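Structure record follows, encoded as structure tokens.
Chain naming follows the written order as A, B and C, and within any one chain the residues start at number 1.
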Amino acid sequence: MRQLSQKFTFLFPAVFWLMFFFVIPLTIIFVYSFFERGIYGGIEYVFSFNNYYRVIDPLYLKAVLRTVYIASLNTLICLIIGYPLAYFISNQSQRKKNILLFLVTLPFWTNFLVRIYAWMIILRTEGFLNNVLLWMNLINKPFEILFTDKAVLIGMVYGYLPFMILPLYASIEKLDRNYLDAARDLGATPIKTFWRVIIPLTKPGIIAGSILVFVPSLGAFIIPDLLGGAKSMMIGNLIKDQFLSARDWPFGSALSFIVMAVVLILLMIYLRFGQTVSEKLYSNK
Amino acid sequence: MSSCEIGISIVNISKKYHSTIACDKINLSVLKNELFFILGPSGCGKTTLLRIIAGLLETDCGSVFLNNICLDNLPPYERDINTVFQNYALFPHLNVYNNVAFGLKMRNLSNTDIRNKVTKILSIVDLEGFEKRKPYQLSGGQQQRVALARALVNEPSVLLLDEPLGALDVKLRKQMQLELKHLQKKLEMTFVYVTHDQEEALTMADRIAVMNAGHIEQIGTPDEVYNKPNTRFVAEFVGESNLFESNNLRFNNDSVTLTLDNNLVIHSKITRELNQDQKLILAVRPEKIRLYKEPQPIKKAYNQIEGRIEEILYKGIMLYYVVKINSGQTVKILEQSYNQSAPHQEGGTVYLEWEKENTFIIEE
Amino acid sequence: MSVRVWKIYFNIHAGLIYSFLYFPIIILMVFSFNQERINAVWTGFTFNWYETLFKDAELLNAVGNSLLVGFFSTILSTIIGTLTALGMVRFRFPGKKILDAVLHLPIIIPDIVMAIAMLSFYVFINLILGLFSIIIAHVSFNIAFVAVVVRTRLAGFDMDLEKAAMDLGATPFKTLRYITLPLIMPGVIAGALLAFTISWDDFMIAFFTSGVGSTTLPLKVYSMIKFGVTPEINAISTITLLFTMTLFFIAMRLLRTK
């Protein structure tokens, strides 16, 4: 009895709050995604799968595919440049490790909008990069990079790189150095050791990092909005438009739910079925 | 000494963790002002039992009574019981003074009262001048004394001690054992003291409950537990024993006779009621047996057997013999080495003798 | 020989990435003191842009709103998140795994999905959008962050201490007040600071769930950016960055205290 009332005190607030202000809202858009848009932008309560079919409409499919393409490319780039850094950090002294890791996480906790805005200053036609290149006589007229997919990609890598580095670091750090010595002892060259031993052993980190970068990339809005041009529409922009300008909430909801579904599937892969989130999060501590 | 009034009684307590049975229908009574020991190997459920008495753990079934009042619906903070935890559980953010004062503060005593009581108890456990230190600035022994003071200062009717001296070195432990015993008599408090150290239990206890795998094997005074173990477990866990087993068993009026192979006969006195359907084992402590080089005149009150020394080991001032007797089994014998004029040799024939009274009967 | 080449490569690589991470931030800060308004060339030092900020009533109002939202959402989410962390560590109950997953979900799902879900919900229940609606939404995801941080702290907490307190006569409330809370306080404060930073920095949810007159600082900055790149934005960005970096720094220090 005592236990029961205690459980209630501790857990009821969160259960209540998340029920009303998280689960129910998600349920609402889930339900909306099966309705249709009313004539004046309201909601027509008729059941259909139309909104999900519409995603294949070339008009929207392009944005969806671009999103997947950019998110994948971003994940790949983050992995390629993040891996050596994670490896580098894990080879430092404990003190240095802490500082270097802190420096990786610090930008992550600061204002995302502002950090992406900083790239606008740099990439603008009359911006820092062009001025420096002109001054160094490397180019003779400013080139256009802001408002292109390239700028979006730079912003993406910049914004999500820490998500890649941290899990990579965690798994490289756990690597038993004896394996490396054993591999070297058996005559493996450093490159062979890397491909045959280190990469397979750090696969959990690679998967975790990739998912953690890929997921927010799918839902990115600020980056394509600020750095991308009219042609660099991504799902995030599309969702926003459905809710704020086109007033087609059911379609916007369907798009969101597709993103959610991908996120949940990836999360499930990450948890390798059966393991709970907490076990994953707190067991290695 | 303790009175005959019952302080704590535990009725039919059971506790299961998943599949592990930590306490299995435990019944016992502790007298007022008694120094009561619970002795058992690691993992047998001692800590679990103490926590149930303190109210820190809910039971699956059974009840705990203190002065004949049922405690089952009383939360731990309303029980007149305090615990010295196995790992001390000192509050790391509070200094020694505040750790000790914690219980008094919870009872809303005035600051002067608190100060007086804390100062007094700290002088009893010899920790004056340590008030301002944090637990991590203390040695293991000092931490242990803080834990003791923190519990004692509340003057509970019952103090539960969970292997309180476990972390101390032998010398300090011996010294603290004496101090604790004196303290308990002086403060007239009921102590329930948990340990897995049989020597500690035998030297300090008024009574001992020997626990094994979640149940109580035997309850009795140190003398009873040591000299008259009721079960094989007690015989082997508390001290060492030579066990004699055979199907050839005969009951007489006041004795049991066991015949081993080669017609070796072991006698024992019956000192308690026995269940005659059960298998019985006779046993004797190694130090109760005397060794002779020549056959001794037959005496009615003695068991006498012949054997051959297989091995002699030195154990401090004691000599430890392994003797093979004619039934084929080996018997361990412990003798003091200084009363030997002519030492025994390995391989030599010897004659074992012990009083029938010292043979004890184990029910299986 | 080749080992040394690799070493040099790793050092350069790390140097480049750290430059990449901090370069934009530094540029932003430096240019917030630049006299030149349009072009990204250094023409001289000035505090002008900071001064104009303090005269911008709308901006100050947005800062006020952000502080309000941050304050209330932090208080609520810290209380709920701490209780949740304690509850999750202490108890077993049916459906624990589900609650565990739901609890962490707000961290992982893209904020735009969360934002439109909240918007739909508010419209569904006819709530008038404003600071209140932003606060509610912020609490929803901050509960998760606080709970994670406090649970990390609780991982090293000896549950016997609570038992000892109860044994000494402390009621569950007093145990929480005098033993548990003081011991996990660094975690709680760190969680609160992180919650505040997240709330202070949030653009997406405020973008969808703010109403008339409830513009927060990130919303204000966003509209300024959309209007055109100006040195005032650099100035306010610099202040914001330094503010959150300081909070984060303190939070990390706290988490490491023993």
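We take it that a residue touches a chain if its C-beta (ideal position, glycine included) is under 8 Å from a C-beta of that chain, and two chains touch if they have at least 3 such contacts.
Please read all numbers here as calculations on a predicted model, not as lab measurements.
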item	value
Far-end chain from subunit B, centres as C-alpha averages	A
Central chain of the complex, centres being mean CA coordinates	C
Between subunit C and subunit A, distance of the C-alpha-averaged centres to the nearest whole Å	17
Subunit B-subunit C separation of Cα centroids, rounded to whole Å	57
Centre distance in Å when subunit A and subunit B are each reduced to the mean of their C-alpha atoms	62
Numbers and ranges of subunit B residues touching at least 2 other chains	75
Junction residues of subunit A - those touching two or more other chains	3
Touching residues on subunit C, where the partner in the complex is subunit A	2-3, 6, 9-11, 13-14, 17-18, 20-25, 27-28, 31, 38-41, 79-81, 83-84, 86-88, 90-91, 93, 97, 99-106, 108-114, 116-121, 124, 136-137, 139-140, 143, 147-148, 151-152, 155, 172, 194, 197, 200-201, 203-204, 208, 218, 221-222, 225, 229, 233-234, 237, 240-241, 244-245, 247-249, 252
Interface residues, subunit B side, partner subunit C - complex	51, 54-56, 75-78, 81-83, 85, 87, 89-93, 102-103, 106-107, 150-151, 154
Subunit B-facing residues of subunit C, complex	158, 160-161, 163-171, 174, 178-179, 182-183
Residues of subunit A defined as touching subunit C within the complex	3, 6-7, 9-11, 13-15, 17-18, 21-26, 28-29, 32, 81-82, 84-85, 87-89, 91, 100, 102-107, 109-115, 117-122, 124, 126-128, 130-131, 158, 161, 190, 215-216, 218-222, 226, 236, 239-240, 243-244, 249, 252-253, 256, 259-260, 263, 267, 276-278, 281-282, 285
